[in-house]
Amino acid sequence: MGEILLQLNNISVVYSDVIQVLKGVSLSVEKGHIVSLLGSNGAGKTTTLKAISGLLKPENGKVTDGSIIYNGKNIQNQAPEYITRQGIIQVLEGRQPFKYLTIEENLRVGTATRSSQPYKEDLELVYKYFPALIPRKKSLAGYCSGGELQMLVIGRALMAHPQLLMLDEPSLGLAPLVVQEIFRIIKMINEEHGTTIILVEQNANMALQVAHYGYVMENGKIVMEGSADDLAKNPDVKEFYLGMSASGIAKSYKDVKSYRRRKRWL
Amino acid sequence: MDFFLQLLVNGVCVGLLYGISAMGFVMIFKSSSVLNFAHGELLALGAFFFLALISWAKLPILIAFVLTLVGSFILGFLIEKFFLRPLIGEKLIFVIMLTVGLAAMFKGFILLIWGGNLHTYPEFLSESIALKLGSIYIAPVYTATLIISIIFLVLFGLFFKKSAQGIYMRSVADNQKAALSLGVHVRRVFALSWAIAALVASMSGIVLGIINGVNVHDLSSIGLKVFPVVILGGLDSIGGAIVGGIIIGLLETFTGGYLSPSLRDVVPYIVLVLILLVKPYGLFGLVEIERV
Amino acid sequence: MKKFSFHSCGNYREDYAEELKIFETYFGRICLGLFLILFFAVAPFVVSAYMLYILNMIGIAAIAAIGLNILIGYTGQISLGHGAFFGVGAYAAAILATRLGLGFYLAIPAAGIITALVGMIFGIPSGRLKGLYLTIATLAGQFIIEYVLIHWDSLTKGTMGITLPAPKIIQWEIAGDKAFFFLIFISLVLMTWFAVNIMRSKYGRAFIAIRDNDRAAEGMGIPIFRYKLLSFAISSFYAGFAGALWAYYMISITTEPFNLGLSVEFIAMVIIGGLGNIPGAIFGATFITLLNEFLRFFTGLLMNIGFVVSFGLNMAPLREFTFGLVIVLFILLEPRGLAELWRIARSSFRLWPFSY
């Protein structure tokens, strides 16, 4: 096993002092890997990312237990300004562009963690990955399409030179072809820059294709983990996240089923 | 006709000043959604600080001007740090009343030291910068106002469009959560917007002091006049603040010149109510870009 | 049994009727009754004329503050025009009394109703505007009303002011601090009773729903615009009523006191007392009025100290400074106001002397 970049030890997260969302989550992310975090709505995937990036605080959430160790440093409950400067950048769910800034200005905000350094080369790099953005450079982000915005927010995060990039549902609401394009680029970023990536996804199929390793979350706990290939072959994962019946044939609604396979880990 | 043109010129100049002081106000509102009721007192503080520097400390005009700007920059920074920061996320009424309380404190402070009388700056603008366009005469003060306003506008335009800090400030105003996720120092942006607002306010305080004399009551009531200005221009539009300022300035000078001087001070508020009823987000307020 | 205890030790409510009760225990009810009897029987005959004057001012301010609390604390609509509404009430009473010769028992409620109508006019923007925008609209209202009061000479006699006749019940003339004490405090008790009860009615619950989330309130079928207007009307009625009392008490009125500063003072009373708390408004009014008097006294004292006189310093602005400081400190340190401090004090006695 390679060098561990990020290690979550048994963390619990509580919102507003009463609502416990994560109940002892542990996971580790190897340097240079793509790790995907799967699970249904409300499983706690986004909260896990926010616990890492420090964005819980503005939402009145707190890591109450456990530790988050990044590069040998303890970073739980630190301010996001500090964590982002350590090289962890989270791309928020649902594409949050700066609507009244142009595409290029949006990208420049990505340099906030290293504001005094030159940024021209990075712009070129982002445009190389996402050529679709070039013609829209000067237009307001508020008027761009969903696919362009997703490219924009990933590109914006790249401007910060992240060591660890956390993507929250990059495929949300995009056409299948655009999704494929985006996943191809994610893979490319990982391979060319060695950027470690945590990928939160509903689209388990795509996520497991690009990832090295995967975790499955349910009700604020990790219920399953394994290499991406193992997970993709696991009959439970197949049934619940890949939409196939246990035998591997795509599920058809014509097949009358009187029972559902029970989630055995619950 | 000459009277008309003269009023027009004066109105534009006064309006530019309103616009510039409203700009600071808009900046605070845009970045942190705080309505600053102490804006007039910031104006007055700048004007009095400048007065103290040139008439008590006898500093040269230019040095005094720069020192005043630096001082108010620091003051704005400290106000944010000690008074506004603890209230992030609190109810609107608390934030409003906090600035009202600050306004009372500043006003009391100024009255305590300088009293409520009218002070004047020593004459320092030379007659040579007065402009004469045909039959209308633009007094040196107004020429200086025009020049300073244009310089400030250009500087701010460049700052917000080109500099990294300016873009970060706009990003916070736009989407605070996304800005946080990218590592923008949001608290620093809040502090910076207060600092810049205080700087701009004291600049316009000084210029207004040159035009009308330095008096706490007058200057702090101008602080309230930014409300019609910003509502007219749209609370979140910096360019709108300038246009709103000019419109209000013109309205004031024309009602003062043609109708009655006493109506002058209430006209902006009547316009304000009308605007709020017809077009609540102002003439230039951003139309919400909504994507669902 | 529990009803006779000093203070209930937990939540014993079993149905909604109990939830709506004003007094949790008979003890509280008896205490309040005793206090009122003592207050009316003793206070006006014991304290000095100056103290009685201050008490009366507190009573008037409390009525206005309760009204403002209904608007700000319960309905969540911030108004910066309460001082002007207070002035409208004062002028309405003065004009009704001098021009139409109405008795005070008609003029004061009528002034309240006129102010309520004016308040509703300035509440109309609340149909479209929220939060900051509404606040600014009421600010404009303040200035416009001030302007009208000063410049509508034929009606208000402008800066000359109006002198009111003494209020009379048949023969008996109400004059002097003592007589006014009863007029003002009986009004205050009635107005408080009304406010407390309106807050536990359908209307009060609608106000609170609008404050907490107006969209959701609308979704629940509350016509929010009508209720906002109603809240403006009730709150202005209180302001007008208090203003009318004030006009009679002061005998002659001018436009000067009804400025933005007065509006700010009323808001300060509501905040320092405690938002959304009716006894809080009375606490706040007491606090601010006493603070004003104390500062007046204190700066007067300072001005007579030798060195201050010899330097020719004017200490009067110290009042404004301290007033601002008190507001700022309250907001930063105890934003829930005096009512919260009172609650803490009371609940520490709850299990006394066996608190553990």
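List of remarks:
Chains here go by letter, A, B and C, matching the order in which they are written, and residues are numbered from 1 within each.
We take it that a residue touches a chain if its C-beta (ideal position, glycine included) is under 8 Å from a C-beta of that chain, and two chains touch if they have at least 3 such contacts.
Since the structure is predicted, the reported quantities are computational estimates derived from the model, not experimental observations.
Comparing chain pairs B-C and A-B, the larger number of C-beta contacts belongs to B-C. Of all chains displayed, B has the C-alpha centre closest to the centre of the whole protein C-alpha set.
Centre-to-centre separation of chain A and chain C, using mean CA positions: 54 Å. Measuring from the averaged C-alpha position of chain B to that of chain C gives a distance of 34 Å. Centre-to-centre, using mean CA coordinates, chain A is 44 Å away from chain B.
For chain C, the set of residues touching two or more other chains is empty. Partner chain A is touched in their complex by these residues of chain B: 164-165, 167-168, 170-171, 174-186, 286, 289, 291.
Residue ranges of chain C in contact with chain B, taken from their complex: 72, 78, 124-125, 128-129, 131-133, 135-137, 139-141, 143-144, 147, 151, 260, 264, 267-268, 271, 275, 313-328, 331-332, 335.
Across the interface of their complex, chain B is touched by residues 53, 55, 58, 80-81, 83-85, 89-92, 96-101, 105-106, 108-113, 115, 140, 142-143, 153, 156-157, 160 of chain A. Against chain C, the residues of chain B that register as touching in their complex are 29, 33, 35, 83, 86-87, 90-94, 96-98, 100-112, 115, 224, 227-228, 231, 235, 262, 265-266, 269-270, 272-273, 276-277, 280.
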